[in-house]
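Shared between the two complexes below is subunit A, which has subunit B as its partner in the first and subunit C in the second.
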Partner chain A sequence: MNSGPVLFVGLLAAMACSWTGFVLAPQMQLGDLTQTNTVPVGDTLPQNYPLARPGEAHGGAEIYRANGCASCHTEMVRSGNLGSDLQRGWGARRSLAEDYLFEQPVMLGLQRIGPDLANFGRRSDTNGIYLRLYDPRLITPGSVMPPYRFLFETRKIGLFPAHDAVVLPDKDAPPAGYEIVPRPEARALAAYLLSLRQDGYLYEAPPPPQLQAKTNAVSTNGVPTNAAPAAAKPAVK
Partner chain B sequence: MNADDPKKLELGRPEPVAERWTVPIWLIVVFGLLFYWGQVFLAENAGGFSRDVYSPYRSDEQVAMANPQDPGAKLRAEGLRIFTATCSACHQASGLGVSGQFPPLVGSEWVQAPGANRIAHIVLYGLSGPITVKGQPFNNTMLAWGGTYNDDQIAAVLTYIRSQWDNKASPVTADVVKAARAENHSGYETSDELLKIPVQ
Partner chain C sequence: MLTLFGSALVWLLIASLLGLINSLKFHAPGFLAAQPYLSYGRVHAAENAAFLYGFGVQAAVGLGLWLLCRLGRTILAGPACVFIGAVFWNTAVTLGTAAILCGQSTGYDSFEMPAWCVPLLFAAFLMLGICAMLTFHQRQPGRLYPSQWFVVGSLFWFPWIFSTAALTLLCVPARGVLQATNAWWYAHNFNTVFLGFAGLASTFYFIPKLLSRPLHSHYQAALAFWTLALFGSCGGIPDGAPVPSWIISLSVVGTVLTAIPILTVATNFYQTVQRDLNALDADPTLRFTYVGLFFWIIASAQQIVGALPTVSAISDFTWFAAAQKELFHYGFFAMTIFGALYYIVPRLLGLESSAWCPKFLKLHFWFTFLGVLIAYLSLIVAGVGQGILLSNAGNSFVDVMRRTMMPLRMSTLGDLFVLVGIVLFLLNFAGVCRQACCMARKERV
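Moving on to the complex of A and B:
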């Protein structure tokens, strides 16, 4: 018995179903997504969102990609009913499709061996990022993240010390007369990590009611109030 | 098939063929129930496949309800449009007016009165002659806009100037404008006539 046609029709149906579900339906749903406005909290003004990354951060995204950071770090905050991400201070709101509008490729990540980085730019600074890359256990004892020391070089201090030399604790400091300087890759990666911010509330993920209390008071008398609470900044550094 | 087994090596055995079996009815029922459950789940949780619905919300209505409810926002947006098209020519986009010619709206006691009766009259019927605003005397003529804009539009622009800049006065309903229009005043208002109108 010749089963070829049956096999062909079966395979085609399986392909067509998954293509419809995973490619066509999302394209119809989100394909024409564009920049949008944030939902203002208090008397702040709506902002354009998302904004494109600064130039150096584009190169940093490639460093992030090349070093496999996305194997252990995600860039996706789940909503409050699906996980503890918000309680951990990984973001003020859940991640939305808009957040990835300018990402190419989107590096959502595979699994969380390390913390989520969707809002890392909101809770870190340049030297903190250098320290974590140079030796993760300086900041997080027991961290399983490998050190990325090849992103740095130990140099003899010239006429002046480098403005962005890594500030290390005394026991890890380089010998006198030397300094540890980030290579261009580390600078780009830091710029990328600092650009990771899913700022502002959007229509799909509006501010929580306690932040809206002021905003709603506005509507009753039509007047914006001045004492607006700022969006909660994650406490975890 | 074990190649060492002599019995399996005899020639002439027919080629194995795929046999046809009827799918058991219980399997069809199980798949039917799973499919039904999947459809019910999507109907309840997918929010009509709307792009605006993300968990934890389940429908467009829930998302709309969770957002700040600000009925004055549309009114102020319409007011801004009218103000820019008409009022800002004299009173300026900043609402500060022109010293000695056009009175300011920012911080004006006329604009920020507890009720909008008097400024509704001004916008509807215009104003001519001397008037004192924020202690400064003005003597000019403002045209009547009652024929250009309807009650809703005048209420919108009054709401706008009463809540914009540093002004903090209540929004204006179209009823106030309607009542002022019903008086059918002839000609321009004057400052003395306005002062006879109750503030609220």
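Moving on to the complex of A and C:
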């Protein structure tokens, strides 16, 4: 190892190995992933998945990015044998590559100082989100999340109260004649958080057995399904 | 070169200050929360950027240039180019960090610099890197010393991973979850390989040099070098990530195989030092480098443990990884750089090692050492506790977080100690620079 060129070629080869394994090969496998169909449960029909976010939620993703929300919140649910993600009700199934098809940027996060948000839209509503942003301890006493008051403004009530003014408990309510309204950033962020739902079972994460039984009953009725082979087999027998 | 070192230290101070701010937020969530610029997420991203790009890259390049000159028995090629590159780099990092605080972070961990800042950083690095390669090229003929491989390795690794990340995350964003895997791969390579190589280059140079004893085995060093390049670069994908499982398996296998370079480096230095620990007190550089090496071994071993599927099911997404990062960044990399600077700076300025104020030096060592230790141990306790409590779905999330608050608040003390240590070192550094100025003035008179 006394010549520069040998050193360079060796390093290039080592880098190429890692690059092939972690950048190129995943790109070849997942690079042209497209919308897929959900596995129907009960009497539902297969649906396109995932659906693009509504417009305002796109702006909300930017607020989520700008304020580094991902440094405390992940957006991925692990499978049942890893941790208690599913038991905590953070999702109905584990997260899959398909779930992030339309995300830009993809902010999965790596640390949970707050709970996972992959399906936050399924378990919250707009006022709940405003309350959590305005003062997290209103909803979750003991929460360590900082308040994001700069997303709101306190203003005098005009002719009519704003339709989306934050509904606070009495002891935190603003003085009479004033209301706390979300700024556009807070509205967009709430729209984004509400759009976070990994709905529908997919081929790689089929419905649990008790739901599958229903699926099979439907598929024998001739409804075309995209069900996993494992789910379809008993029906053939 | 001095520009690089000086500004690297200032960035380190900024990074640890930002870290302290965020640590304080766990004492009172409302602390500095009224300003969007100082909200937790932004400060966290800015701290990352200041540490990795402000301190990490500059310290690594500065140290690399010095080692290439010293070991190649030559002078720096294109000092003006290095100076301009350093100025460019600092401008880019300053603008980028300010932009992150204004909300322009890219949203990828360890790659937070906004898109317009990335070409500037890349160009500045190329200026530095080309000068380094020219310096390497004009070396005196003879056998290459391991430190030279490590320096060349680190200086080559950075532009590759940086340009890959820039291309696949910003220029032509990869589809969906691939962005996440690419960002994880980048962050893992940045830490394990780039910072690892740069720090170990210093370790391989100073320990044998200051003990006046030859390195035990060049072959073991070569083995460590190549296996670290090969396996250290594979990893960073958390178990349970929404990607095909072969990617996760590859990541686990790569991480576990870094046991080879760890063991090789450990045995190599064990044989070199041969329990001669008396020199530890004699030389500050040696003391810092030893401790840095020790922390590298622990941090790398912890990374392996954390990648094992049985452990990662519990430890993933907790403070466990934050503890590893703290130990790797401050315990290994910063400590090693401090040690190297205690040796290099006086020589660059034409002074003796005695130019350092010994009292400050001693205090700096103990503050940093204890600070890192306190922060690391409390984060580990927080991480393991959080992981075990969370794995039982009966414990509510907020309850678990409340129970980890105590160790987290302890870690603030560690952060504070580290910050004091850095301030002491900067004061000492400024003192040495002033002595050099006085001497230069006297000579002119």
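Everything below uses one rule, namely that the second predicted complex is superposed on the first by the 214 of 237 C-alpha atoms of A that agree within 3 Å, B and C clash if a C-alpha of one lies under 4 Å from a C-alpha of the other, contacts with A are read in each partner's own complex, and residues count from 1 in each chain.
Throughout what follows, contacts are C-beta pairs under 8 Å (C-beta built on N, C-alpha and C of every residue); 3 or more make two chains touch, one makes a residue touch a chain.
Predicted, not measured: the structure shown is a model, and the values here were computed from it.
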| item | value |
| --- | --- |
| First, second, both or neither for A:22, with subunit B first and subunit C second | second |
| Subunit B versus subunit C as contact partner of A:180, first or second or both or neither | neither |
| Greater subunit A contact set [subunit C / subunit B] | C |
| Subunit B versus subunit C as contact partner of A:30, first or second or both or neither | both |
| Partner chain(s) touched by A:133 [first = subunit B, second = subunit C, both, neither] | neither |
| First, second, both or neither for A:189, with subunit B first and subunit C second | neither |
| Partner chain in contact with A:144 - subunit B first, subunit C second, else both or neither | second |
| First (subunit B), second (subunit C), both or neither touched by A:97 | both |
| Which of subunit B and subunit C A:81 touches, first, second, both or neither | both |
| Touched partner set for A:203, first subunit B, second subunit C, both or neither | first |
| Interface residues of subunit A shared between complexes with subunit B and subunit C | 1, 29-30, 33, 79, 81-82, 94, 96-97 |
| Subunit C to subunit A touching residues, read off their complex | 25-26, 29-31, 33-36, 39-42, 44-45, 103-109, 136-137, 142-144, 149, 152-153, 156-157, 160, 164, 168-169, 173-182, 184-185, 189, 222, 226, 229-230, 233-234, 237-244, 247, 250-251, 254, 312-314, 316-319, 321-322, 390-393, 397-399, 401-402, 405 |
| Residue numbers on subunit A that touch subunit B, as the complex places them | 1, 3, 25, 29-30, 33, 39, 79-82, 94, 96-97, 203-207, 212, 215-216, 218-219, 221-224 |
| For the subunit A and subunit C complex, residues of the former touching the latter | 1-2, 4, 7-8, 10-11, 14-15, 17-19, 21-23, 26-27, 29-33, 64-72, 74, 76, 78-79, 81-85, 87-88, 94-115, 136-137, 140-150 |
| Of all residues in subunit B, those that touch subunit A in their complex | 17-18, 49, 51-56, 63, 66-73, 75-76, 159, 162-163, 167-171 |
